[in-house]
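The two complexes that follow have chain A in common; it is paired with chain B in the first and with chain C in the second.
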Partner chain A sequence: MINPHPGLPELEYVKPATLVEASQFLAEHNGTAKPFSGGTDCFVRLRDGVLKVDYLVDIKGLDGTKELSFDPKKGLTIGAAVPMNKVATNKDVIAHYPNLAMAANSVASYQLRNRATIVGNICNASPAGDTIGTCMALDGVLNVHGTDGFRQIPLNSFFLGPGRTVLKPGDVVISITLPVPPAGMVGVYKKLGRNTIGDLSIVGVAVLGYPNSKSPSGYTFRIALASVAPVPFEALKAEALLSEKKITEETIAQAADIAMESVTPIDDVRGSARYRKLMVRNLTREAITEVWNQLSK
Partner chain B sequence: MAYQRITLTVNDLTETVDVPHNMTLLQMLRQKLSLTGTKNGCSAGECGACTVLMNGEPVNSCMVLAAECEGATIVTVEGLAKNGKLSKVQEAVAKAGGVQCGFCTPGMMISATALLERNPNPTDEEIRQAIVGNLCRCTGYFRIVNGIKEAAKM
Partner chain C sequence: MANAKSKEKPSSPIGASLQRNDVYEKVTGSAIYVDDLQFGNKLLYAHVLRSPHPHALIKSIDTSKAEKLPGVKVVVTGKDFPERMGLYLKDKTIFALDRVRFIGEPVAAVAAVSEEIAMKACDLIEVEYEVLEAVFDAEYGASEKAPLIHPQLGEYYCPNYLFPKPGTNISNHFKIRRGNCEAAWKECAYIVERTFHIPHIQHVPIETHGAIAMMDEKGKMTIWASSQSPFAQRNIIAQALHITQTDLRVIAPLVGGGFGSKAGVTMEAIPAALATKCKGWPVKLMLTREEEFFTNFVRQGLTTHVKVGCDKDGNILALKNVMYWDAGASTEYGANVVRAAGYSSSGPYDIPNIETDSICVYTNHPIGGAYRGFGMSELHTGIDQAIDELAEKAGFDKVTFLKKNAISEGDIIVTGMKMHAMGIQECIDNVAKSIEFSKKEEPTSPDRVRGKGIAIMWKAPATSPNPGSSAWVELAEDGKVTVGLGGQELGQGTFTVMAQMAAAALGVKYEDVRIAGPVDTQYSPYEWQTVASRLTWSMGNAVRAAAADARRQILDVVAEAWKENPEDLDIVNGVVVSYKSEKETPLANLVIYGLPRENNGGWIGGPIVGRGSFMPQYITNLDLETGQGPRAVVHYTVGCEGLDIEIDKNTGKIHVIKAAASFDVGKAINPELVKGQIEGGFVQGLSSALFEEIRLRNGVMTNPSFVDYRIATAPDVNFPLDVPFVEVPQDDGPWGARGVGEHPMVPTIAALGNAIYNATGIRLDGPPYSAEKVYLAMYDAGLTK
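The block that comes next holds the complex of A and B.
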C-alpha cells in the first residue's frame, strides 16, 4: 500500500552562520546537500522521493537574506529568506512594484506564503513559477555568493531548463534586486489555475508597459509567460510589435497571436498543450489591454 | 539519525524537546508534545489542517522542520481557549454551524484568528482569501465564513 503521509527521509539539518561557511559546505557536499529557504518545494520533493539529499542547508540566518529594502536609485532588494507575504504587504512594493505583489499573492495560500519565498520560487526553476515572469520583466538581478565570493546573475540568463539553472556547487542566492521601474510603469499578472486561487498555474502571463519616447509607438511593453515552455521566458517578438506599431485593439490582438505562436507547452494533468496555447493568446490580450487602458487614461 | 535539542514556546509554555532533524513541526506537536488538536491531512502544504501560528503568523506545520523552531513561539488550537472558555472565533463558528466532522476546524480556527488579528473587519472576500489554504470537505464553507464574520462583530 502507498503511504499517503510519508515523513521526510532521514537527513541532517545544517544552519551555517556565515556565507563563506555555507558556500564551503555546499561545495564540499555537492550532490548530497541542498540549500533551502521556505522548504515548500524541497520538502514536497523529498517526501515524494524525487529529491534525495543527506543535508538540508538552511540559508535563513545568512547575511543579507532577511533584507527587504527600497532605494530610490538602486531599486528593491528582496532577501532569500523573506516570505512572500512580507513582500506583498510591503508599502514600497505596493507603491512601486504592484505587479510583483499581484504575482506573489497568486501563489498557493496565505499560510504557505508565510514560508514560500521569491528567491525559492526562482531557484526552483519550475516552468510554472508564478513570480518569475514579473521579476524577469522587471530586469531582476540575483546577488549570489559562491566559493569565489560575490557575483551577480541577471535573471534573463539564469535558467537552463526545468529545474536547472546556472548556479554552481557552493552557490547561495542572497537576494534579488529589481531596479527602479521605468517612470509611469503599469503591470499586471494573469494566472489561470484549475480553480481561481491556490493552484499552480496552467498559464501565467506577466505584462508591464511604460511610456518610452524612443519607441515608434511611444511605449515599451514587456511580456513574460509561465507554464508554457521549459522555462519562463519573454515573448520578444510580441514586445517588438508593440513598440513598433501604433497601439490599437488590432495590434494588441496581433501581439497576443504572436505570443501564442512563441510558446511550446506540454500536455499534463492541468491542461492540454492546445488549451494552454489558446489561453496564452487570451490572457496575453487581456493583460496587454488592461495595462494599455491604464497607460492611455 | 541526527538529533537536535530545541527550546521553544508552545501555547505559553516553554518546552525543551529533542527532535530528529527530519521531524516536522507537525510531527513534533503531535508525537513529542501530545498536542493532537493539530491534524495531518496531506503532509504536503495543501489542506491546511496542520495550520499553527509561528511567531504570530499562520504556517503549515507539515512544511516546517522542528529543528527550525529554536526560539520560536507557537500557538496551536489548544492554545486558543483561555481558562476553559472558547475564543470568540471558536464560539462564533461553532454557533454558526461551521463544524461538522471537525477535521479542518483546528487549522481553520488558527487561520481565522490570524485574519482577525491583522484585519479586525474583513469583507466576505477577505475571509475567503484567508482560508483558501484550509480545505473543508463537509460544510461548504458558507457557515464558516458566517461564523468568522460574526466573530468580527463580537
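The block that comes next holds the complex of A and C.
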C-alpha cells in the first residue's frame, strides 16, 4: 500500500558547535540521530517514512566542512557542506578534475545542486550516486572525525552495501580529499537517465585514463560504475585488460564486455537488469573511447 | 467636432497577439489559488482513510475510537452518503459503501482541528475487509470469466447515449456498423492488422487538487475548489448531498493545471460531505502528490486491435477497431471517453466501410476520467500507425496516401454526418514541407539512425449533446467593460480571448475590458464545464452575443437622443459616433445614467447590461446498433504533426531534430496564445510518447511520484517546433474560430511511432517509447549490437 499522506515526522534539529560535540552526540544517540548537510536526500526519505530518526545533526558550520581548496601537492579537499554547484564551478576543479565537475553537473537539477553535497552523495551510499564513481577513480580519501578523534578512510573500502558504510557511531565525515591527479589524466562521466535532467541513473559510468610507463599498454584506466551493483563498483578486470593489452578499438570493446560481465544489476522501475548490463557495456565502450581519443591525440 | 480619439484607426482585437490579462498576477505570484485562501482559526483539516485493497467487501467499519480522539470534529463513512453520483453514468459514491473497487478509494474521512489529529484519527478507524478476486485486465474483465465489479450496474442512472450491459463489467459498448466490412476485406489488395497497448497516464497538474467546504446554519453550502467545472460540481454535489443547486455555491479561483483532471467531481465532494456534519466550520482537503497520482482521475488504459485495408490504387476501403478500455473502478466520466473514441473512430479519413466496438470495462484500477484529448490520442495511436504501414505496403508515399484518403468537405463521415469545410490538406502540406518529409536525410552521427514520421488527427468537442454557455456584459461610469462568464482560466488564456471578443463585438479597446473573476456560481453566468476545447467556440459565442446585446442597447439610447437611425451609428474605441451627423459621445456616464431628452424632457436609457447565451441545438443521438445518426457532434478540428528524429544506437534514446504541428483553428483570435497551446500540447504529447506510464502491479501504482513518473522538462524539448496554422472558418464559431486546446497532443504518439518505424523498421506495440524499449527492440532485431 502506498502511503497517501506522507509527511515529515516530528524531530529535533541539533546544531553542535564543535566536532567533538557532534561525535559525542551522535555516539550517544546511535540509531536515532543522523548527520546531515544539504538534506536533499534525508528530508525526502524522512517524509516518505523510509528513514526514521529522532535527531538531525546539522554538520554545516563544523570545522573543515566548508573548505574547498586545492593544494598542488595534497590535492583537492571538498568539505562536507560544500554544495555541488560550488564544486562544479570552482576553477581548480575545472582545471584539474574536469571529470568531477561533469559528474557533479549530472546530479538531479541545478536547484537541488545548490544544496546537495558530494560528501552527502557518498555517505548515502546509494548504488546510483553519480559523483561516487569519479571520486573512487580519483582515489578519494574521506577525512572523518569520530569519538576517537580524526582518521582517514579510503573511498574504495568505504561501502558495505546499499546505504551501508564502514562509518561507526559518532563518525562525522568532514571532507573528502582527492589526490593530485596523475599527469595527463583525462576523465569523463556518462549518465543514462530516462529524461535529460533531474533523473536518477539507470546506469552511470565514470572512466579516467592517463599515461603510465609502468603499464604494458603504456596507460592506466580506471572504471567505476553506478546503479549496476549493490555498491558503487570499480571494474578491476576491465581496468587490468586495458593496462595489459595495446589499446585498440578491439581492446576497448573487450574491456567493455568484461565490465558488463562483472556487474549484477537488478530489475526495477527505472530499468531492467538486461538493459542495464547492455548499457554498462555500451557506455563503458563510449567512455573509454572518448578518453582514449583525447589521450592518443 | 470629432476629437482625435475616435479618429484613431480602430485596430481589431480579433487576430491580434495581445498581452494576456492575467500576466501580471501570475508573473509576480500575486495570483490567488485555492490553497492561498485564508479561513481563520475555525478551519478544520480533512484526512481520508483509503482502501488498501483493489477489490474487497467491507464487512464492518468501527469509527468509535476515532470519534473519541480530542480535536476530532466529524467522522463520516459511506453509509452517511449513499447517493450515487457521476457526470454521465451515476456509478460512484463519495465513500465506498459495501465494497471497495481500487486501491486508494475513500472509505471514511475525518475533519479535525489539525492535520496531525485528522491523520491519527484515520489510523484509529477499524475496517474489516473480505478480499475479492480483482480484475486488472480489460479484455479479461469484459469476459464472462471475470468477477463482477458493479453487480448493480443495471440499477444505475444512465443517459440514453451510453449503453451499459448489466450482469457484465461492460459499462458502455459503443458500436459503429457502417457499410459492409466483411465484403470490403475481399476487395482489399492490402490489409494491415495490429494491436496496440496504451498505458494509463496521469495529468500531473503542478497544483494538486484542493477544496474547502463550509455549510452555514441554514444549510447553504459554499465550496472553494481548484476546478474546471464549478457549475457541474454544483449540480452533482448538490444532488449527492440532497440540497438544491441554488443552495450550493462554488467559488473557483485560478487553476494551476487541469488537463481534464479537475473536470466533473472527484475529491471535492469529500470536504463537502464532512461540512454537512459541522455547520459553520470550514473543512479543507488538499491532496498530496501521492494522492494526486493514485486516488484521482487518470487517463484510462487501452488495448486496441486495428485492421485496415485499401485497394491497389491506395483507396482505404475498410477499417475495423476493437477497443478495450481499462476504465477503472468507476466509469461515470470515462464511459463518455469510450463513446467519443467510438464515434470518431475513423479518424479524419474517408472510409466507406467501418466496424467499431469501443468497449468500456470496469477494472480494479484507478478511475479513468477526462484527459486532454478525451480518447483521441489513444484512438489515433492505433489507426494512424496502422495506416502508416498500409501506405508503405501499398507502395505509396505517406503524404500522397494521407492526402488521397483524408476527409473532404461534403463527405459523409463515420456516423453519417456531412463533413464541414476544413483545411486538412493544407495542414498535411505545412507539416510535410516544414520537416522536409520526403527528403531522406543522413543521421548526424554513425552511432545514430534517422527517421521521419507524420500523422493526422481530428477531434470534436466531446460533451453531453446540449452543453450551454452564458455571459453578461456591463459597463461602469468610466465607460469600461466587465464581462461575466463561467468558464475557467486554466492557463490556456480564455479570459484574454473572451476580453478580445467582447472588445471587438462592443467597439471598445481590449485594455478597457475586465473579466469578472473568480468564477462564482452565485454571481457568474452558467457554463457547463471548461473542457472539450469548447470555450473559444461556445463561451465565445455567448460573450459575443452579450457584447452585441449591450451594443444594441447603447445604440438605441443614443439614436433616440440624437433622433437618428441606429444603423448610422457605431461604437469606435469606446466612443459612439454617427457616420451621418458626425456627432460623437463617449460611453462614459451614458452607460449608467442614460442621456437627457431635449428641452428638459426627462431621460433615455439606464444602466446597460448585455446578456448572451449559446447552446448547440443540433446534436442528435446515434443508433445503438450502427452508431449512425444525423449529427453526432458540432464540428471537428483537424490537424497534422510530424517529427524528424534520430535514435542513438548505443542507448535507444530518441533525439528530436525538428518537429511541426499544423492545425486548422478556424480563426486564431490570439495567435500567440494559439501558438502556446499548440506548443504545450505537443510537448505533453511527446512526454506521453517518450516517458509517461503509470506502472500498475496488482492494482498498486509502483511509481506515484515525480522520481519515477517522469515528465518532459525544458531540456527534453530543445528542438525547433514549427506551428503554422490554417484558418478555414467554422460556420458556428465566433469569427470562425474553433477549439484547439486538446488537439496538439492527439497525433504525437502516432507521429513518433511512425518516425521510429521509418528509422528502424520496427513497429512497437505502444508507448512510452523509452530508450530501453527502443534499444531492446533494435537489439533483438539485430539492428544494434
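As a working rule, the second predicted complex is superposed on the first by the 290 of 297 C-alpha atoms of A that agree within 3 Å, B and C clash if a C-alpha of one lies under 4 Å from a C-alpha of the other, contacts with A are read in each partner's own complex, and residues count from 1 in each chain.
One rule holds for everything that comes next: a contact is a pair of C-beta atoms (placed from the backbone, for glycine too) under 8 Å apart; a residue touches a chain by one contact, two chains touch by 3 or more.
Source: prediction; values computed, not measured.
J.: Thinking of the overlay built on chain A, is A:Met279 touched by chain B (first), by chain C (second), by both, or by neither?
T.: Only chain C; A:Met279 stays clear of chain B.
J.: Based on the superposed arrangement, let me know which partner A:Thr40 touches: chain B (first), chain C (second), both, or neither?
T.: Only chain B is touched by A:Thr40; chain C is not.
J.: Tell me which partner A:Pro6 touches in the superposition: chain B (first), chain C (second), both or neither.
T.: In the superposed model, A:Pro6 contacts both chain B and chain C.
J.: When the two structures are overlaid on chain A, which partner does A:Ala17 contact: first (chain B), second (chain C), both, or neither?
T.: A:Ala17 contacts neither chain B nor chain C.
J.: With both complexes overlaid on chain A, does A:Val166 touch chain B (first), chain C (second), both or neither?
T.: neither
J.: Between chain B (first) and chain C (second), which does A:Val269 come into contact with in this model arrangement: first, second, both, or neither?
T.: Once the two structures are laid over each other on A, A:Val269 reaches chain C alone.
J.: Show which residues of chain A both chain B and chain C reach, each in its own complex.
T.: In the superposed arrangement, which is not itself an observed complex, chain A uses residues 4-7, 197-198 for both chain B and chain C.
J.: In their complex, what parts of chain A are in touch with chain B?
T.: Touching chain B: residues 4-13, 38-40, 43-44, 47, 56, 58, 60, 85, 108-112, 114-115, 197-198 of chain A.
J.: Residue numbers of chain B touching chain A in their complex, please.
T.: Contact set of chain B toward chain A: 1-2, 4, 20-24, 27, 40, 42-45, 48, 51, 54, 57-60, 62-65, 67-68, 111, 114, 129-130, 132-134.
J.: Using the touch definition up top, name the residues of chain A that touch chain C in the complex.
T.: 1-7, 192, 194-200, 202, 269-272, 274-275, 278-279, 282-283, 285-286
J.: Can you name the residues of chain C that touch chain A in the complex?
T.: 47-48, 50, 52, 103-104, 115, 119, 288, 290-291, 294-295, 650-651, 653, 690-691, 695, 700-704, 707-708, 710-713, 715-716, 718, 770-772, 775-776, 779
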